[in-house]
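I am attaching a structure below and will ask some questions about it afterwards.
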Amino acid sequence: MLEEVQSGRVPVGEALERLRTFPYESLGFARVDNHRALRKGFPEVVFCQGKTVEQVVGVVRALAGSGQTVLATRAGRPVYEAVRSEFANAEYSEPGRALVVRNGETILPKGNVLVMTAGTADLPVAEEAAVTAEVMGNKVERLYDVGVAGIHRLLDHLDALRRAHVVIVVAGMEGALPGVVGGLTDRPVIAVPTSVGYGASFGGLAALLGMLNSCASGVGVVNIDNGFGAGALASAITSLIGEKG
Amino acid sequence: MLEEVQSGRVPVGEALERLRTFPYESLGFARVDNHRALRKGFPEVVFCQGKTVEQVVGVVRALAGSGQTVLATRAGRPVYEAVRSEFANAEYSEPGRALVVRNGETILPKGNVLVMTAGTADLPVAEEAAVTAEVMGNKVERLYDVGVAGIHRLLDHLDALRRAHVVIVVAGMEGALPGVVGGLTDRPVIAVPTSVGYGASFGGLAALLGMLNSCASGVGVVNIDNGFGAGALASAITSLIGEKG
Amino acid sequence: MLEEVQSGRVPVGEALERLRTFPYESLGFARVDNHRALRKGFPEVVFCQGKTVEQVVGVVRALAGSGQTVLATRAGRPVYEAVRSEFANAEYSEPGRALVVRNGETILPKGNVLVMTAGTADLPVAEEAAVTAEVMGNKVERLYDVGVAGIHRLLDHLDALRRAHVVIVVAGMEGALPGVVGGLTDRPVIAVPTSVGYGASFGGLAALLGMLNSCASGVGVVNIDNGFGAGALASAITSLIGEKG
Amino acid sequence: MLEEVQSGRVPVGEALERLRTFPYESLGFARVDNHRALRKGFPEVVFCQGKTVEQVVGVVRALAGSGQTVLATRAGRPVYEAVRSEFANAEYSEPGRALVVRNGETILPKGNVLVMTAGTADLPVAEEAAVTAEVMGNKVERLYDVGVAGIHRLLDHLDALRRAHVVIVVAGMEGALPGVVGGLTDRPVIAVPTSVGYGASFGGLAALLGMLNSCASGVGVVNIDNGFGAGALASAITSLIGEKG
Amino acid sequence: MLEEVQSGRVPVGEALERLRTFPYESLGFARVDNHRALRKGFPEVVFCQGKTVEQVVGVVRALAGSGQTVLATRAGRPVYEAVRSEFANAEYSEPGRALVVRNGETILPKGNVLVMTAGTADLPVAEEAAVTAEVMGNKVERLYDVGVAGIHRLLDHLDALRRAHVVIVVAGMEGALPGVVGGLTDRPVIAVPTSVGYGASFGGLAALLGMLNSCASGVGVVNIDNGFGAGALASAITSLIGEKG
Amino acid sequence: MLEEVQSGRVPVGEALERLRTFPYESLGFARVDNHRALRKGFPEVVFCQGKTVEQVVGVVRALAGSGQTVLATRAGRPVYEAVRSEFANAEYSEPGRALVVRNGETILPKGNVLVMTAGTADLPVAEEAAVTAEVMGNKVERLYDVGVAGIHRLLDHLDALRRAHVVIVVAGMEGALPGVVGGLTDRPVIAVPTSVGYGASFGGLAALLGMLNSCASGVGVVNIDNGFGAGALASAITSLIGEKG
Amino acid sequence: MLEEVQSGRVPVGEALERLRTFPYESLGFARVDNHRALRKGFPEVVFCQGKTVEQVVGVVRALAGSGQTVLATRAGRPVYEAVRSEFANAEYSEPGRALVVRNGETILPKGNVLVMTAGTADLPVAEEAAVTAEVMGNKVERLYDVGVAGIHRLLDHLDALRRAHVVIVVAGMEGALPGVVGGLTDRPVIAVPTSVGYGASFGGLAALLGMLNSCASGVGVVNIDNGFGAGALASAITSLIGEKG
Amino acid sequence: MLEEVQSGRVPVGEALERLRTFPYESLGFARVDNHRALRKGFPEVVFCQGKTVEQVVGVVRALAGSGQTVLATRAGRPVYEAVRSEFANAEYSEPGRALVVRNGETILPKGNVLVMTAGTADLPVAEEAAVTAEVMGNKVERLYDVGVAGIHRLLDHLDALRRAHVVIVVAGMEGALPGVVGGLTDRPVIAVPTSVGYGASFGGLAALLGMLNSCASGVGVVNIDNGFGAGALASAITSLIGEKG
């Protein structure tokens, strides 16, 4: 643009205006915003909690209408039904309360993400993570109810562990599973504490502290019940597959 | 005694006085106090923390002098050296900071107690538990540094687990080991959180919460760093071996 | 099996497959899983909280249909009514919200478990513990509302304490009862904090901390409101009765 | 005074000045400050923690020099020695770290205060309470090491309980003693949690919560380790003895 | 009784039985239980929270039927209406949710209790305290909404403070009022934190901590929202009025 | 600059480079950084905690050498002595552990800041606040030891309160003073909790919560012991004096 | 008045009565109460939470009837509708749940207040702050949804930041925005944590701690969700604009 | 091996013994243990905290002697000096307290890791992370002291951010930096809270909660002060570079 100014093709006033109107684009990170969906298959995300059905539908309409894939998390069934009446191809994970409206782009597969849970009650958070990782272009394998109180159930499935590039481990109560898994694999492990439990689980605090104190290396922790965050982090990691070092 | 009153051998005044002076003996639980050392080999216990060397030695002298086995916990080396100068048979566990002065009684073996730790830093608490269980008449087996981040180290030692009547599991950091062990055995598991760790271990709180939230059944928890309590509880349990149901 | 391989009766491929399909059975602990109901009368347990009536009934049907005794905890009355319509012999403890479907086996009595509460509001948790211990083959005695603020009520019942092999003490608010009981008996004491209380009881935290800090030895603590855990631990302990040391 | 203004004996300006210079005396509570030592024997109190020996001595000198009894709490031995070199009649409680310099007034006895502790380690806080209550004119009886884990030791001393007008109960760890005592007496019970303990006592928090949740009525709690506060509250209560209702 | 045994009027067997049936009466504190209502006008108390209307009515009927005054706390209006249909003289404090059924005894006035609140929202807890103190025979004065953010409202009412033998101060949010009041009076101050507030009040924790840390002496704290406990403690204190020192 | 590019006086490459090298200056907030000392008398600040004497002296030398006033907080006496050997005009507040090296500029007075403390132990934090406000060009008045337990001491000094534009209130323990002060003035009140206290003050947490829950409006809170932050906020506020609305 | 007494125009009795009836007016701070609405446009405020519609309407009627502007916070729509039926000019902010009934006075503008939020869910708290600041006579600019995870959105609006005299920053979750804003402006920043979030946000605790620990100077924090407090503090600050230093 | 059994080359007994002696190797994860250093350049790690110099040297000698690269964390200077006397090529990072003894292998570069800190006091933790990542075969770039209170310092370095495959962000106090960085990059961000701070930072808790609640996606958190964990997780992530999806 500066060359255009020098050559007179762009007047100073207009150049000034353009600099003013995209100050952060000149910093180089705004382009990422504009193009990342095309480049990486990363969809726009809508966090539905605390929004009315109408608000969610409005946002989904705007985003999907512009040709982007949309992921809506914490979406109840009424949201899904309202969206489906406009977008017939809307997909919905009831347990994960996640809604996806895909557009026609073809996303190249990035990597394999294994999503594990300690108990069956951790399933909703795990599904949110799984759907998130899938819609961002990953192949997701699920391995549920393999908590440490029955360690043999976990050891039966070491093959699944070996296939994964990244492992998401979802657990409430004592939160011990990520530490065990982290000792069985060299892959990055993303630990998701859940608010599942009672008594001294204190809404997920016990699981959170357990995961942060894990003696295994290679474990990163996200917020309690944050399945979306785990899926997004997993996808940020698998994006490195195939890059040059 | 009432018969003696009726027959006139004991005057009313004296009977009244005797009732007044041993009100709780008449309730039946004081006898336990008087005779339990003989019956069960349970020693007198001295908690040294916050006492001077002189105070500890005085108490040990009084107890050991009356022919009882004495266990002193949280005893530093100066305490040991002072006691040994009077009682040549004093035994000392440096890592467990536990001191024992045995008397001549022969204690019948009660049961097998397995003491496990997740890491090497949990050793002092484990030794306090082990010495306590031993001096109370149990056969103690030690299995240290078998934390869940290297689950295969634990699985190598299932034989030891099968030999135990009670298992004491000592762990800091995430406190996950008791849950795994509880899933591998039907025996009672006593979980001891330790203050080992840093950051979000919060002085053993993370381990404590992890153990309380264990999904395995058959696990009871004692206070942070309370090796003595674990050993005493284990011994109360093994006392049932051989009793009639 | 290895002998069969050597003799050629089992081909290598099949042996490999069998090793693969029961890796943890080869470790020796799976047999426990398969046979423990027969050996110890330990039933299968269903945790109903967070499951629909249909899901619970499905699981109960599968388990009871295979001839096993089933214990369902945190079971509301609708669950009971649905189960009873299929299993006429279903028993239900309304206060303890515990459901049992027994099969025909005869369980040899294991031991005497005394279940105590500090207040009447602790009754539901106590009943869950009592039913659990009973269905696992123990004789259970109940002693309710004997909190420390009226210590004479407790002292009236020392006989019950003497009859017990294991004592389960359920208390909310200040959680002081297990410490007092632990000083009156040499038997193992299992302390169960409850969320009963208000204000600074903080959902059972005060009772939990009180129990962990008990000065009496021989006390193990389970999670807040975890009546099932207390009953199961008690039963693991009474299983030692009659064993050889 | 207003009458003096009306009559002209006091000029308006002076009246205004007097109103300005004793605004809170006109509210009636400043007289209490000036005269309370004479009326009730309540001494001036110096909290030594965080003050140098010189600072403490300076304050004591100023107060004692004006003829008042002085109580200094959290006073180390160096403070005592420095004060004694000026005031030969200085008294010192080493365990309670409390220093008293009495003046010649004769204080009429107010009431009987019983100070109890659960363990021997609670003694320093108990002594601070006892010395405080004594110097404020109460007869103090001590009953130490009667914790609930050996309830018979407490029951041996019900006479002492019956003699007291107010009971101060000092306890660390689980803090259960005040609840038991509160159930044995109709007198006001002042509960003092101490920071004695380890692990999940969290610096006295467990004892504090236990005391606040006590099921016995008639119990008031002061801050952790606040022996002085307990003694002063006890004395405020015994001041009511002999008043008319 | 022992004399009767000696004289033969009471056989040994019967004496033994009688000792067994009132073991704690022999300890001297049971008489208090039996006679305290007559001696002090202390009523029986029913804590309604967690009980059904039927249960409460049953207990009230049993107690009131035996001629005792009954106080029921945390009693909803349905409880009141059910009780009134049986006991026409039932009194009810709607804001304090406290129900009283008096019998004919005449209680001598004990003392003056001032109940203060920082805000209007603290009124229910204050009323529970006030009704409790009244039914136990105290003259109660109320002074509401005099929080420290408008200190002049408090200073307007120093007369009320001077009239009181005991002051109950009820406050949520910051819990600062007891400290200010404690500095204005020499009388015992009972501080009641309430769960009134939002945000960082954490259900009354902020008020509780504020009161425990009060710099004024003569302040005792009860549990959050425990109006009954404050009233009962106040009454235990005023019982000392008129006694001999 | 764009005009210079257009006119050819600045080549495109250089313009590009200049844009790259001051990206945030083009956003308009960097000028503030460069000129604020001149415009407002705001000094550079060095936080000494965790730095060696050498490191602090090096930073002070660099800053003071360039003609700026320097404020060093949490500075021990060795730091002061080292700085004074280079800068003879260094000033030091021993209680506030604050060091100032002024340069020759004349700062116009901004406003009046009143710094109050509840107790004498809060003095160090108060002094840090006072020195900070002074060096930033404010007139500071000190009013120490006017805690709410002796409310008359505060009421004696309402004149000082009326003179202030901003009031900084420093308090530990219960943290009640800011609420009282906030009710006595319309001026902004900055509340500083201190870690002064013991027991349930939990290192300043009680004071912090008390201040956040203050019922008085117009109160803002800073971090525990953050005297500097309070002084800086006060100065940001007084900077508005004399501006146009 | 004293002169009137001297001259006999006011009898002593009446003067005494007048002194009694306004004791705190003589202290000089009551005038503020009486006249502040006229002088500063500060309205009377009603906190509706926990009050019935009838109670709120009664209070509003009393205040508005006496000619004062009234601000009611935490007011639901039913409150608004009831008030509007009496006061047709009632204004209502649905998102901020704030109700205003203005009287005819003309308030001179005080200053510019910028209210920012990190996310859209923080809007209700922000609106409460904005309406409060407006009704107290400030010009309010809103800048919502500029959280730190998209820092360019914030940097786009530096002009708004430059226009403000005071900045109110409302944020839940991590609470990082005030620290960033505090680094971009020299103006006072008022940080309002909100309870928006889930998991480890612990009802606003995470945001609160983040704000208190902000490394930027010039930041004061109010209670969680306390939009009113932020608006009132902002207005206390802008009142200084135009005053003389 | 099974083929060898079938062919008779390995007797059944020996096969059984071999199966017994490597039960977990048959599960497939032990190979990882044996070969991971060769395959990935992952060194053996020694955690020195709580170990004597002699113990550390012994472990280092054993590991380094077998030809492996050794990383020792939390290593004081005495440890370094003792190790260097045996291994002349020992490298030491004084600020990061990390010691490395490399062996001759050539590790292929894996990826670029950017280590950022909010303040200079976070440097030790950052250095531990940096050294860990480097010795595991990554190219590490450091960017220190770019906290959010001076956001322009961060924005000056967007190039560094663009070069990184993984970003490690180390911050104490409010812990806001990872959220800002996570919004500026699509790369995985590893957040490390530090215990740097005072007051309400509560030993790193504030930073930890801030990071867990970050609104930016793609952020994983490790334990407080766990620089090693961050470096190891970063390296597990960069190991994916160049793999096939």
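Labels A, B, C, D, E, F, G and H are assigned to the chains in the order they are written; within every chain, residues are numbered from 1.
Here is the rule we go by: a residue touches a chain if its C-beta (ideal position, glycine included) is under 8 Å from a C-beta of that chain, and two chains touch if they have at least 3 such contacts.
Bear in mind that the values here come from a model prediction, so they are computed numbers and not experimental data.
**Q** Which chains lie in contact with each of subunit E and subunit F?
**A** Common contact partners of subunit E and subunit F, which must touch each of the two, are D, G.
**Q** Which chains contact both subunit F and subunit H?
**A** Touching subunit F and subunit H alike, sorted by label: A, G.
**Q** Based on CA centres, what chain would you say lies at the far end from subunit D?
**A** A
**Q** Please compute the C-alpha centroid of subunit B, do the same for subunit G, then give the distance between them in whole Å.
**A** That pair's centroid distance is 60 Å.
**Q** Measure off the straight-line distance from the CA centroid of subunit D to the CA centroid of subunit G, and report it in whole Å.
**A** Between these chains, centre-to-centre, one finds 43 Å.
**Q** What is the distance, in whole Å, between the centres of subunit F and subunit G, each centre taken as the mean of its C-alpha atoms?
**A** Each chain reduced to its C-alpha mean, subunit F and subunit G end up 24 Å apart.
**Q** Could you tell me the distance, in whole angstrom, between the mean C-alpha positions of subunit D and subunit H?
**A** Taking the average C-alpha coordinate of subunit D and of subunit H, the gap between them is 55 Å.
**Q** Find every residue in subunit E that makes contact with two or more other chains and list them.
**A** Those would be 23, 27, 29, 151, 155, 184, 199-201, 205, 208, 212-213, 223-224.
**Q** Which pairs of chains touch one another in this structure?
**A** Pairs of chains that touch one another: A-B, A-C, A-F, A-G, A-H, B-C, B-D, B-E, B-H, C-D, C-E, C-H, D-E, D-F, D-G, E-F, E-G, F-G, F-H, G-H.
**Q** Quick one: in the complex, what on subunit A touches subunit C?
**A** The touching residues are 121, 151-152, 155-156, 196, 198-201.
**Q** Spell out the residues on subunit H that touch subunit A in their complex, using ranges where they run on.
**A** 27-29, 32, 36, 40, 42, 45, 108-112, 155, 158, 162, 165-166, 184-188, 190, 208, 212-213, 217-224, 228-229, 232-233, 236-245
**Q** Under the touch definition given earlier, write down the residues of subunit B that touch subunit A in their complex.
**A** Touching subunit A: residues 118-119, 147-151, 155, 173-176, 179-180, 182-184, 197, 199-202, 205-207, 209-216 of subunit B.
**Q** Within their complex, state which residues of subunit C touch subunit A.
**A** Per the stated touch rule, the residues are 23-24, 27, 29-30, 49-50, 193, 195, 203-205, 208, 223-226.
**Q** For the complex, give me every residue of subunit A touching subunit F.
**A** These residues of subunit A touch subunit F: 2-3, 5-6, 8, 12, 15-16, 19, 23, 26-27.
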